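Right, one structure below, let's go through it.
Letters are used for the chains, namely A, B and C, taken in the order the chains are written, and counting of residues starts over at 1 for each.
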Amino acid sequence: MNKFKSKIVKVLATSVVLSTLLAGCGGQDKASSGSNSKNEQVTLTMLIGDTINTPGFQEVVKNIEQDLNIKTEIEIRPGGPEGENIVKTRLATGDMADLSVFNSGSLLKTLNPEQNFVDLTNEPFMKNIFDTFKETVTDNGKVFGAPVSSSQVGGWLYNKRVYEELGLSVPKTWDELMANNAKIKAAGKTAVIGSYNTNWTAQLIILADYYNVHAQEPNFAKDYTAGKAKYAKTPAALRGFEKLEDINKKGYMNKDFNTTTYDQAMKLLADGDGVHYPMLTQVLPVIADKYPDKINDIGVFPQPSDSADVNGFTVWLPNTILINKKTEKLEAAKKWVEYYVSEKGIAAYSSKSKAIGPNVINGIKVADDAYPAVKEMMPYFDSGNVAPALEFLTPVKGANLPQISTEVGGGITKALKGAQMYDKDVEKQAVQLGLPGWK
Amino acid sequence: MSNVNKHMYSYFFIIPAAIIYTVFFLAPTVMSFFFSLTRWTLIDWEFIGLENFKQFFSEPSLMIGFKNTLFYAFSTMSLKVIIGLLLAVFLCSKIRNKNLLRSVVFFPALLSTIAVGVVFNAMMNPTIGIINKGLALIGITGPDWLGDANIALFSVVLVDVWKGVGIATVIFIAGIMAIPAEYYEAHKIDGGNSFQEFLHITLPLSRPALNTVIILALIGGMRTFDLVWAMTGGGPGFSTDLLASIIYKQYAGGFYGLATAGNVLLFLFVGLIAFPIFKLLNRKEVDL
Amino acid sequence: MSIEIKQERTAMLQSYDREIQSSVKKKKDLKLLSIESFSILVALVLFGIPFYFVIINSFKDVTEAANMSLAWPSSFHILENYKQVVTANNGMVLRAFFNSTLITLLSIITMILVCSMAAFVLQRRQGRGSKFLNSMVLVGLMIPPAIVPTIWVLQSIGLFKTLPGIVLLESALHFSFACMLYKAFMATIPREIDEAALMDGCSSFKLYFKIILPLLKPVTSTIIVLSSINIYNDFENMLYFFPGAENATVQLTLYNFKGMFGTSWNLLFADVLLISIPPLILFIFFNKKIVAGMTAGAVKG
């Protein structure tokens, strides 16, 4: 067996030799660019998920080429599990692009950042970035990434126009929300939009409930990582599953929730045929792009808890830009990232794409022309009634949560059973990561 | 003769194929089978014996996966056989526009699975999809093709058949055309009708074609998941998960050892089902 | 005398027979015609409508296409949509066309040579060795490729992310299918031909290249069509074994139009149409030959 291992090492070593040989060719390139860096153009490769490729992002890339003379060759990968797979495969085979964008939080931990990405802890441009973000891209005390966009919240997007028509007000408790739903249903509209065809969207009610879990069980994330706390055994955490079940039991969703897609859900919400959509605020620019006259109708409120005193947003921190540890063009790559998070870079970004939540960089205020929904969430940030989603606090996340959510939300599986299934599902990940406290 | 054998049919001819096939397929496969006994993060691995197999058997959707895989493979196979054979007989008869129709039937086989999945996903939407709108025109309320857990897999089967029946048809057409015309003439003189002709001549004599279709469709049906993945992603919930899609999910989740263990199981499963059928088909051929 | 009557009677009977036959024929014609028109109608519904659906929606604007209906577009955006598809992501579609076509072409050439040679010997030699090899070939039909080890192999011989690498890999992955078809067809070529060639003092190389390979032409056409469709439409293998922006292949282009801004169905459908053109052309060329190749090939499936 050891023999085999050494064989693999040999194979790997050969590939390293090869890549250094190839690097020899690249090195020449670099040497010449080093001597004459002002005129010579450097080209960086960059691997990003399809959702990152916004007009704002493209604008920054364009500006970087103009101002720094660094060309960016962008390669788009699919999002979701396929995308994660590609990133992992390319890291494992030593074939990563110079720059890449990936999820921060638990998913980043699965990439073994220390081995694969450049440590940015001491870079001056990281000083301005919020610690809340840095924590999600930190592994073994080192910071590995810069934010690619603003943060966002997960909560209940709602159609304000319909709210006004029906005389509803923003609910502070789950019961109030359900009462609103009943009225909306009575008015012949879809109370809650389900878009389970895009199955990750089904998780939102569970994930966005984390602020409430956190408020009642402040140690949940820590105990969860240690394998001590479980969804099925923590009543506060189980509530998320129960809420999902509740919506289905009362029949508040669109009839075809199983086949409705993410795209179609946005249309339903914008048109006011559906009034609530539990979702991330990343849909705002999409709605603004497709239904520009409707974007001002869209607002957002946090997923209510059972008590009016506990009311706050669960926050999703932005994806992160990472620099490949094996890059030949480290200087250029660092300059690239520096520019991206500089005032200039952010100005370029926001000239084409508006923020979907507050920025995670010091001194960057939410713009006056921000989406109304973004303005609506700001008071919660100002008063500190926010908590990061669980995936930013623990590396433990099960791969089957989307499917389990569609089963619970679709009435196939009971809430408790779903929570148990999920507890079982995360075991695999915890064991794979070698976390203490798990078998 | 054996001398001739060695002389004429030197294994030298196999060498290029053997090299390519071994280097690019067999060697990595054997390597991966080793990793099915490890906890493997691509960067590092740890030997854990049969732990992965145990873990794989506790997947929540595994039993559904086995059942679905069998259902998927056998239903696509039998539909392709039945429809393909009927189409082939029809397209070999004396109708006009034969070539046009043959091309039309074969056409979907040219398209990529992703494209077909995307298009049918749009058409099978229960409310705005054109299939249910079409059915509504004749007074039928169409089902929620992909959203109803009870029929979602069957809907994908239908699309798979739509896409793949062309190839089956072509194989059958080839089989039927290979039947010497004398058989049909003899049958006509005996005064048989066309149904009897089908039963007594076409069916038995196109058996080799039948075998080819059965084997290809069955093995194909057991290891594919791309269409399912493109259309339902294994959902709603786990209701359309296939063995191959469960394995894919392990892979995507970063559980590489687990995924290869699943692959070994899939391989055994396919072999367990395909080999006896293979043997059976070949024996029956001899009986003829 | 009696013979005459008999002849007369036969003549009468024959003419009577003919009459019946012609009326039957007319009836049959009518029946045939109705079957024909019915079959064309069914084909139109089953195969024509999806096709029309894709075409018509590729002409619409984004919001209208999102309705996914068969309705006539309220305004046409043909040039605009297709131009957008072609220019998206720095003309990725064109690059992808070039890459996919080249990979397909080279893989097919490799496969035809290598597989037919292997099938030649595997079919002709009957023994324990060849039985074992045959089951190895069958294994290729049943197991999906192991991604990471394959990449290791490609890297260690310096072929990762290269054209020769992906070509050899695709040939290896489609080897089993092609080999099976070749073997089946080879079975229909009588051994006497080989023996006669041997008598004439043909070397086995001459036998293969001069006699066998040309005789395999029909099944070669079949393999060209079926395998090139598979390779051209391959998504996953290209994604894993031929990554890089400059290495884009056609199936990957579909992802240009899904993403952050939801799916642009009009562009997606336009792209579907565009990338389906090369297999279509190939099919038109080889249409009739596919059946011919299988005719013999399927006889001994």
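By our rule, contacts are C-beta pairs under 8 Å (C-beta built on N, C-alpha and C of every residue); 3 or more make two chains touch, one makes a residue touch a chain.
The model shown is predicted, which means the values in this text are computed figures rather than measured ones.
> Measuring between mean CA coordinates, which chain is farthest from subunit C?
A
> Just list the two chains that share the greatest number of C-beta contact pairs.
B-C
> From the Cα centroids, identify the chain that ends up most central relative to all protein Cα atoms.
The chain sitting closest to the overall C-alpha centre is B.
> What is the distance in Å between the mean C-alpha positions of subunit A and subunit B?
Here subunit A and subunit B have centroids separated by 37 Å.
> Quick check: how many Å separate the C-alpha centres of subunit A and subunit C?
The computed centroid separation for subunit A versus subunit C comes out at 41 Å.
> Based only on mean CA positions, could you tell me how far subunit B sits from subunit C in angstrom?
Whole-Å distance between the two chain centres: 15.
> Could you say which residues in subunit B touch two or more other chains, in rising order?
If we look for residues of subunit B contacting two or more partner chains, we find 42, 125, 251.
> At least two partner chains per residue is the criterion; list those residues in subunit A.
89, 92, 264 - these are the residues of subunit A that touch more than one other chain.
> Would you pick out the residues of subunit C that each touch at least 2 other chains?
147-148, 152-153
> Which of the residues in subunit A end up touching subunit C in this complex?
Checking each residue of subunit A against subunit C gives 8, 11-12, 14-15, 18-19, 45, 50-54, 73-79, 86, 89-90, 92-95, 261-264, 266-267, 282, 285-286, 289-291.
> Subunit A touches which residues of subunit B in the complex?
On the subunit B side, the touching residues are 34, 39, 41-43, 45, 47, 55, 58, 60-61, 121, 124-127, 144-149, 233-239, 249-255, 258.
> Can you name the residues of subunit C that touch subunit A in the complex?
62-63, 66, 89, 147-148, 151-153, 155-156, 158, 160-161, 239-240, 243-246, 255-256, 258-263
> Subunit B touches which residues of subunit A in the complex?
1, 4-5, 81-82, 84-85, 88-89, 91-92, 110, 112, 115, 196-197, 199, 255-259, 264, 399-400, 403-404, 406-407, 410, 412-413, 421, 424-425, 428-429, 431-432
> Could you list, by residue number, the parts of subunit C that touch subunit B in their complex?
32, 35-36, 39-40, 43, 46-51, 53-54, 67-70, 110, 113-115, 117-118, 120-122, 124-125, 127, 129, 133, 136-137, 139-150, 152-154, 157, 168-169, 171-173, 175, 179, 184, 194-195, 198, 204, 207-208, 226, 229, 232-233, 235-236, 250-251, 254, 265, 268-269, 272, 275-276, 279-280, 283, 287-288, 290-301
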